[in-house]
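Just so it is clear, A, B, C and D label the chains in written order, and each chain counts residues from 1 on its own.
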Amino acid sequence: MSAEAETATRTYRPPMGAGWWTRKGHYFWYMVREFTALPLALWLLWLLYEIQRAGRGPSGYYPPNSTAFVIFSAICLPFALYHSFTFLKLAGVILRVKLLDKPLASGVIVATMFGTWLVASVVVGAVLIGFGR
Amino acid sequence: MADKRITIRATRFDPEKDKSPRLQSYDIPFSDDSMVVLDALNYIKSHVDGSLSYRWSCRMGICGSCGMTVNGTPKLTCSAFLRDYWPRSVTVTPLNNFPIVRDLVVDMEDFMHKLKSIKPWIIRKQEIPLGAGEHRQTMDQIGEFRQFSQCINCMLCYAACPVYGLDNEFLGPAAIALARRYNLDSRDQGTKERLPMIAHPDGIWECSFVGECSVVCPKGVDPAKAIQQTKLDTTMRFVLPYGNRE
Amino acid sequence: MDFESYDVLVVGGGLAGIRAAIAVVEANPRLKVAMVSKVYPMRSHTVSAEGGAAAVLRPEDSYETHAFDTIKGSDYLADQDVVEAFVREAPIEVIQMEHWGCPWSREPDGKISARPFGGMTTWRTCFAADKTGFHMLHTVFQTSLKFDQIHRHDEAFATKLLVEDGRCVGVVAIDMRSGKFDAITAKAVILATGGLGRVYAFTTNGNICTGDGMALAYRAGVGLKDMEMVQFHPTGLPFTGILITEAVRGEGGYLTNKDGERFLKRYVPNKMELGPRDIISRAMTTEFEEGRGFEGAHGKYMHLDVRHLGEAVIDSKLPFMRELGREFVGIDIVHDPIPVRPVQHYMMGGVDADISGVTPLAGLYAAGECANVGLNGGNRLGSNSLSECLVFGAAAGRQAADYVSSARAPGSNPVGAMLKDETARIEAAYLDKKGGDERIGAIREEMQLAMDVGAGVFRTREGLEKLTKQLGTLRDRFEKIKIEDSSRTFNTELMAAMELDFMLEVADVITYSALAREESRGAHSRRDYPERDDAKYLKHTVAFRTDDISPRLEYRDVRITNFKPQARTY
Amino acid sequence: MTEQVARRPALAHLFWWFMFSQGGVLAALLIPVHIVVQGILGPLGVVKVVDRHYDTWISILGNPIVKLYLLVLISLPFFHFAHRLRYLLVDLGVPAAKSFPAQVVFYGAAILVTLVTIWVLLTTAPISLG
């Protein structure tokens, strides 16, 4: 396009380095956010295993209560919360909702998202606990 | 005011002589609280070392040419005040993620190609004649794209985006924000024409929402928002049976 | 030798240059256009224009009043036929910008909105918030990207016009990236290189406004017209010179002195803050001299007060001003008055060109701030300049397109020789120069300060004569400059040296033109000749380069059509 | 410039991003409460939870709505995880994670998890409305 292209002079391209995400707090927290996928995936796999275990009949069934498992869940929890928090907050940035032809403030959208989270947690929690014995 | 001084360290690189860049230190008077990093560079160029090369013009944060990395963060040097760093020293390096041409000057051809590639002009099926006057547009309609039209092409967002740093094929924040600016303009009918470039694997999908682009943007463009909204809109076009396809 | 050859070459990527380039390809899509700019086009100084572009769009308004306001504002030094053509074209161009996507601010019914501006009797300044130049420049630049016939040479610095058989056939340009000298040839050349504010120390103009195009044309033998007419804008931020747009006054801001008094009532009682720039700048300077200004770390200043407008108006109409106040002064203009003082802003004078941008040198056209087509006379009205860039940029483009359809292509032999000469000149003067001990920065600063003092808001014979001597000395010292940068790659010191060379040239022309005009008219205000003198000076100054230091001056009658010169009071 | 050759919207990317975002919302809204209740409070005995007893657990697992819920709860987030982990690798300097084979591996894994989940749900407790 421009005539300069052909007379390209030597340039220096600084290497990026795999440790770029340690350079700045923001990058680090981004990596943490992405990393949440791993503990959450493992936890869900556990849940799947729990369900599958129930299929083997009542005789061998024991409730999940090893200390290791509680510790594992306790480790997963902050990641889960961090995922929920970042994801729902960022959703406020993305979603454009119009009410009566006026764009809704992203603060309102975020508040709605967090409200939904709360309601969903209460409902699911109620079912899990309510049917318990 | 006592004679304050401040240390500026600037990248030096002359491709005709140097293999790789190095930092050079300058100790200069910090005579006035209104001084910005660019003033310090200008002082060096005028009074200490005339060979220091960098770009600048307007000195009022609107031409977009003076972007550099200041103590690790991409900044417009004409709007970065020395008083915010002093008594620490200030390290000025070229914008990250771009090839260095010379000292603090980076190669921006790639960026220029990307700008052009998203067709940043009004596309209409049928041009209206000049004699018919202006298109009517309300302030609310302008409000739809206003934020995304504030981009000064300073490329700070590219310097901040690791995805671009890792792979220069990525279309990048400002170009996508500009595409969105036109897509949201009530006068434009070119969304579909821009789609192949935007929804390309190296387009919006490549962005993993690091969000640093919006943090460093000096004009509040919020390219991260532009990109995520474009992802959503584009997806809706195809997911909803009759969604959004004009 | 073979050179890159085009039909039309545009030097300058600002509003005027890009508009011209588009006009060429619109006139004839088969034409190949080159656009040479020393910065990427969107960096051009048009980007910092804030207030707006004037055009008669509202039914209540009329061409006659726009023409009259412009002519009166010019202190009758404008060529009236040019003004009349301009006011008719401006609305068309503003609509064209709208069609290209410029986000003009709108009325509730969706039409383009207008705001009051200094010296305009009615609301006719179209605006895009307070970033009008930014939006216009990005709009035309982005629109220009769709024309593949426009070949950009970004960051290429034009050093000389190529003239062959009395015809301009291109430029020599240095590609800054590689340091390579190129002859870029064309059948016609349009100069659109912008202003020269950097000749002064205290200016709103960016680093790139160094009068290059004017100096290039001047050296090629073309006259520079009305160069004594330098505009000082009343409201610049002290220290930085950043402009606080006239729109601030247009929207209702007050100017007050240290006694809290709206002092303009003594100078422009009928217009107050909406008076023209030259008069308000003089009023402020007079107030300073009489001790009624504020004293600050960066000199005297006045207050520009918008507090009474309220946050809502400020945020919708003047958001950038709030941003600038916050960033560069540390104040919130919603709660604090803005410190301001007069600042060099615009060059009415420029390359002698006619209504279609045609200069006396065949094949050479000029448009935008670097040209003087006769529109602005002694004082440009705020917001006429952006419209001027559009109207006369387009006119020059169309004219050039027309011309090249019959012009033959330039030969390459003389061009080759000229390129060799120019390369040798620059290498000898700068790149391969040994020794020298003068700093470019030092000479530039001394020139700028001398110009501020000697050719500022008020001028006198003594001051101007002293200035010619100072400039002469600086010119001698320039011969002894030291170039520390020997690299060919992006050598900004070489650019700075060549720009200083251009600036010393145009500074001379300003000074000699001002010395010779023994009257006060528009922006040119002589303490020793306080009155306007229509009998002697209802004329354009045209300066030609000579081998001597001082230029040869000619005078040319102003073209008067419908508006007889009257006393200029507001 | 290469992009002049006609480009078409990348529909595959679009689809995977859609699944990614759906999975993300779901994971955000639902996973924490499961972890808290089933992973911490239940095992610690703070509250009674449905999976503490075989009967309660198996009876609720038999509910078709619960089955559907669990299918969505478990499988959809995996499309989110697959996407994130793939890009995590890219971020850590493994550009190969962008390649087509990598996509097959990661999204394939998510599909696999989905299939396994369906199988588990179908074979665990007989469907009953009780």
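Criterion: a residue touches a chain if its C-beta (ideal position, glycine included) is under 8 Å from a C-beta of that chain, and two chains touch if they have at least 3 such contacts.
All values reported here derive from a predicted model rather than from experimental measurement.
For chain pairs A-C and A-D, the one joined by more C-beta pairs in contact is A-D.
Spacing of subunit A relative to subunit C, judged by their CA centroids, is 55 angstrom. Centres computed as Cα averages put subunit A at a distance of 12 Å from subunit D. We define each chain's centre as the mean of its Cα atoms; on that basis subunit B and subunit C are separated by 27 Å. Note: centroid distance subunit C to subunit D, computed from Cα atoms, is 63 Å. Shared contact sites, meaning residues of subunit B that touch two or more other chains, fall at 15, 101, 112-113, 116, 162, 166, 208, 231-232. Residues of subunit A in contact with at least two other chains: 1-2, 4, 9, 16, 21, 34.
The multi-chain contact residues of subunit D, meaning those touching 2 or more other chains, are 1, 87, 91, 93. All chain pairs that count as touching, in label order, are A-B, A-C, A-D, B-C, B-D.
Touching subunit A in their complex are the following residues of subunit D: 1, 24-25, 27-40, 42-45, 47-58, 60-61, 70, 73-74, 77-78, 80-81, 84-85, 87-88, 91-93, 113, 116-117, 120-121, 123-125. Touching subunit C in their complex are the following residues of subunit A: 1-4, 7-9.
Within the complex formed with subunit C, the residues of subunit B that make contact are 14-17, 32, 34, 45-47, 49-51, 53-65, 79, 101-103, 105, 108, 112, 115-116, 119-122, 127-128, 130, 133-139, 141-142, 145-146, 149-150, 152-153, 178, 182, 185, 187-188.
By the touch criterion given at the top, residues 1, 16-18, 21, 31, 34-38, 40-41, 43-45, 47-48, 50-52, 54-55, 58, 61, 63-66, 69-70, 72-74, 76-77, 80-81, 83-84, 87-88, 91, 116-117, 120-121, 124-125, 127-129, 131-133 of subunit A touch subunit D in their complex. Listed in rising order, the residues of subunit C touching subunit A in the complex are 4, 151-156, 175, 177-178, 180, 182, 489.
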